[in-house]
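Look at the two complexes coming up: chain A is in both, with chain B in one and chain C in the other.
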Partner chain A sequence: MNIAAQINSILAALVLLTAFGLLVQRRIYGLLHLFAWQGLFLSISTGLVGYVARQHHLYISSILTLALKVIVLPYILHTLIVRLKIHKEVETVVNIPTTMLMGIALVIFSYHLTAPIRELSTLVTRSTIAVALATVMLGLLMMITRRHAVTQIIGFLAMENGLFFAATSATYGMPLVVELGVGLDILIAAFIFGIFFFHIRETFDSLDVEQMARLKEEE
Partner chain B sequence: MNVFSPLFVMCLQFIAVLFAAPAFAGWVRMVKCWFQGRKSAGLFQPYRDIFKLLNKDVVLAENASWIFRFTPFLVFGTTVLAGVIIPILSIDLPLSATADAIALVALFTIARFFTALAGLDIGTAFGGMGSSREKTVASMSEPAMLMAIFTVSLVSQSTSISHMVNVIAHGEFVLRPSLAFALLAFILIALAETGRIPVDNPATHLELTMIHEAMILEYSGRHLALIEWAGMMKLFLFTTLGIALFFPWGIAAAGDITFLPVAILLLLIKLFFAGIGLVLIEIGLAKMRLFRIQEFLGSAFLFATLGLLSYFMLE
Partner chain C sequence: MTLIILLGVSFFAAIVLAFVGDRRFAPEINILGSAATFIAGVGLAVHVYYEGPMIAGGNFFFVDAFNVYLTVLTAFVSMTTAIFSRRYMRREREHGRVSHWGMRFYHAMFQLFIFAMLLALLTNNIGVLWIAMELATLSTVLLVSLYRTPTAIEAAWKYFILCGVGIAQALFGTVLLYFAAEKVLGEGGEALLWTNLIQVSGQLEPTVLRLAFVFLMVGYGTKVGLVPLHNWLPDAHSEGPTPISAVLSGLLLNIALYALVRCKVLVDLSTGTNMAGNMMMGFGLLSILVASFSLLRRKDIKRLFAYSSIEHMGIATFAFGLGGPIATFGALLHMLVHSLTKSSIFFTVGHASQMHGTQEMSKIKGLIKGNPLVGWGLVFGVMAIVGMPPFGVFTSEFLILTATMKDAPLLAPLLLLGLGVAFAALFRRVQPMISGAVPSNQMPVKASHIPIILHMVLVLIIGIYMPNFLSEWFHTAVGLLK
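Up next is the complex of A and B:
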């Protein structure tokens, strides 16, 4: 393994670590920080892959990731949390050690799933595909096991991070147009989520999505 | 010369483990005092404590059985044995062939098991409580410890500690995410195993929070001296095991006896920084609630497993 691949593996490991950090973190500001860190590692990794593979459009993706996922999105979410005066502790559906074990199982599953692709691929980044898929799975797990709308959104964004990472490690990134589109979508989504949060809270006085079960006609 | 050198190294290491461990414990206490703005009792206070306790009479409870009297010697003995298995100064240890990493964990477990038995043996409420808590911590920290060590043995393709250290110290240098995860796990486990702050407080005698102290509350005189000494050695051994597995550069190679002074100097420097690091962790964290320990050790297990997995996935 050459040195760039080694550094990329370390970055992949850090992305995986932050994905697990998001699963076990109890405080909502901690979640935001971890999400920003994940974006930072992703951005560095993308830039590195762009440099090694001489794919210069990846530099733009990297800068886009840095701007959007490290600065803008955490800032928007932070403002939302402050405005909505959200309770600082995160409530989970399943307790944290169980979530961790489920997370480990998901990592093994994604390793098993991507093993054939790894055999076929010749890219520098082929070993990080499993990590990318695991990050997607862990984001999904986070969306399932959290009760609050804001933490579910962070899970969703972490999932998107995983998909982005998968694109970089499987095919050296999507075409630039697609990536710009996805970045814009994510930004718009964040705004829409913000408006949505305000509506949920006005209707239920809480951001607990369990409350939505009440949205049915009286029998 | 070549016949005697491993024996010489072993004797040197035996003496180092016995007599450097209290100094390391003293160093940790000293740095902690400085950081907390207190005046420290000096580097040699642990020696004075041990010497004082060795000269005192033993007070035994009426219903103490042989287990209670036997435990201090067993704890001391297994810890010293562990001390000549872990390569601290040189890789060339004759006794390291007798026990691999799994046996090493088992040695620490035997000591722990008997300490818990001795806590129960005397029949006081505190002893039983301490033993129960100690076993709770042990049941979660040992699997994580084994997983962390297995990660390193995967990298070096062996469970013999000497061989593991040799591969990492003298093999090709590769950035390995698996070892980084294993190191993280190892730090968390070492904090739990040696009873340092987020899990247990070595300085407390407050009844509600103590774990290790609760079990050995009834010991006195030379028994207490041996247990305290073994505790200091355990701290020293966990630190040096961490150094040997994750930062072994500078350890003397097999048969290279002239390199020993350099190895000793490097070890002292590493211990100097390890002590400061340990204190920084301890003063940065508050002691955890007992029911949070499962989360703490659960994350240690998670890191160790991730290390194991990332060996397969990323390397």
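Up next is the complex of A and C:
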């Protein structure tokens, strides 16, 4: 029991580590790999929790995560990147140290925020709730600080990873119907941002969303 | 059974329309599908009116006075919007603003959007509620970018990202809610059912629910368009096709507010305070003030009314937050009349901008002489939306104001200030557009009579004499939301 909790904590730490990696990774393939790794850690962690807590429906969630976040989504993104011919693009990321510090502050904030839940929870996974919230926050930070459309989407998906992790660690997973529905929504979203990348490229000649600033409020 | 028809028709119509594509009779199928949905919605409402709240589909669906009236409203406005979009979109297609594929997409997604909203309203499971809200966002994202102009794509991307982020916060809130519920109700799907949650609301852990509500407020608040989370709303409304602006403003914002109100009831019952209500009051009041002052500086006609939507959603949110029978009654009524009035305004605005080939207000002139229906429709619409008697918005705003004077007298001047500024701003903007001679750049347009007239007549009727069944419905809903 105790060992399982420790392994789970290590996996949580790895998820957090990949979240920080995503925050500062400049190469687009690097981002994709990190995202796939994050999904893998998440999937292993979910399976482990399912085994330890004898929550067999978590096996399904684990396999779902593996399929969706380690195989399907990275594959879709990979295909898009190849088709858009942006695999060599290196994004300029400004102020890495500041971003990192903000990320650390967000982690501390998450621990503070989830303290009451940690106290109330009796689950093996209670120590990882804060990490889950931190992953959500780091995804959010990534979407704010980065200017590339693909990067923003990866930040969005990382947020979704964090939410899934939160569900697993706070409650041993949401009911299956909800998890399947969320998975379906993510797939539809993938379809939509795929279309979007091409539209943005066609219209703006690049995937840098910085250029999209025409809709300024009229003075 | 009516439930299956209600949800099935729009889903089925979406699939059929995806195959029918840009054929000549696609708009008619769209209208037919929405009309069938509306009839099923009325059937359901009659059933609930006589038999009381019902649970169906193995606890999956739950219908009470609160969501059944929103269901009928949603089905009604989508039907009239489908009628309006027949002529509107045909013209857009003729002018080459929408492609062949665009039309196929438009019709299929319109029905899918209706399906998502109805699912959000009717489901008993707050997890499924979240999923349906996300589906409603996703189905409209590509409709906002339908014209493929740079600004349209920018607006749609903003909508996608901001609402995606926002709604993710709401999912975290839902997880926390489930965490608290699971302690009392045990694991599994049962713990997310609203009917179960409301029964045990007193036993749910208040600290967790308080935290959950912060996330839910930010999440669903983004979709309601509350300041400071409203940035996506004016862009999405101004760049998308007008029928979509009408349903976004008239329906989607209502559904998001519905989700928020359901959560608020739970949280306030659990904590025994008015914490959730107070948060809603704060966000609501801020939205009213910021939006009404923003109205003053608008140049784009659809952005103008988008800000007006923010203001009105702010009023409804504020009133729900205030609580009490009068304010809640006013808020329910306000959701109804705002939805009818605002979609009708967008219908006239759509025709007006088609006539002038622009959405810039300075170039729109002489509407009453050019097309009396569009001109007078806009006049009456604006009179209704600023809260002039005898229209329905006056009644609801009056009720809300009365309740504010009684329960929170210090906030009443702020509320009045917002309403007053909005009143002045809208009239100042609209007056030059409707009066004057017909300018040379104005083109005639075949306006859609039925939707505009029907909506205005309904708002007028509700304002002058509210039908008995409606006030009974609201009274029951008020009882549920105590």
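Note that the second predicted complex is superposed on the first by the 206 of 219 C-alpha atoms of A that agree within 3 Å, B and C clash if a C-alpha of one lies under 4 Å from a C-alpha of the other, contacts with A are read in each partner's own complex, and residues count from 1 in each chain.
Here is the rule we go by: contacts are C-beta pairs under 8 Å (C-beta built on N, C-alpha and C of every residue); 3 or more make two chains touch, one makes a residue touch a chain.
Everything quoted here is computed from the prediction, not taken from an experiment.
For the composite obtained by overlaying on chain A, chain B and chain C can both be accommodated side by side without a clash. Once chain A of one complex is fitted onto chain A of the other, the partner contacts of A:Tyr59 are absent, as it touches neither chain B nor chain C.
Shared-chain residue A:Tyr75: touches no atom of chain B or chain C. Once chain A of one complex is fitted onto chain A of the other, the partner contacts of A:Tyr29 are absent, as it touches neither chain B nor chain C. In the superposition on chain A, contact of A:His199 is made with chain C only, not with chain B.
Angle at chain A between chain B and chain C, computed from CA centres in the superposed arrangement: 150 degrees, to the nearest 10.
Of the two partner chains placed by the overlay, only chain C lies in contact with A:Leu120; chain B stays clear of it. Contact with chain B, but none with chain C, is seen for A:Gln6 once the two complexes are overlaid on the shared chain. Superposition on chain A places chain B within reach of chain C only down to 18 Å, the least C-alpha distance between them. Overlaid on A, the two complexes show chain B and chain C touching no common residue of chain A. Those residues of chain A that touch chain B in the shared complex are 1, 3, 6-7, 9-10, 12-13, 16-17, 20, 24, 96-97, 100, 103-104, 107-108, 111, 127-128, 130-131.
Remark: chain C residues 125, 127-128, 130-131, 134-135, 138, 141-142, 145, 148-151, 153-158, 160-161, 164-165, 168, 171-172, 174-176, 178-179, 182-183, 187-189, 191-192, 205, 207-208, 211, 235, 239, 297-300, 303 touch chain A in the complex. Here chain A touches chain C in the complex through residues 113, 116-117, 120-121, 133, 136, 140, 143, 149, 152, 156, 159-160, 163, 166-167, 170-172, 174-178, 181-182, 184-185, 188-189, 192-193, 195-196, 199-200, 203-204, 209, 212-215, 217-219, going by the rule given at the top.
Chain B meets chain A in the complex at residues 174-177, 180-181, 294-295, 298-299, 301-302, 305-306, 309-310, 312-315.
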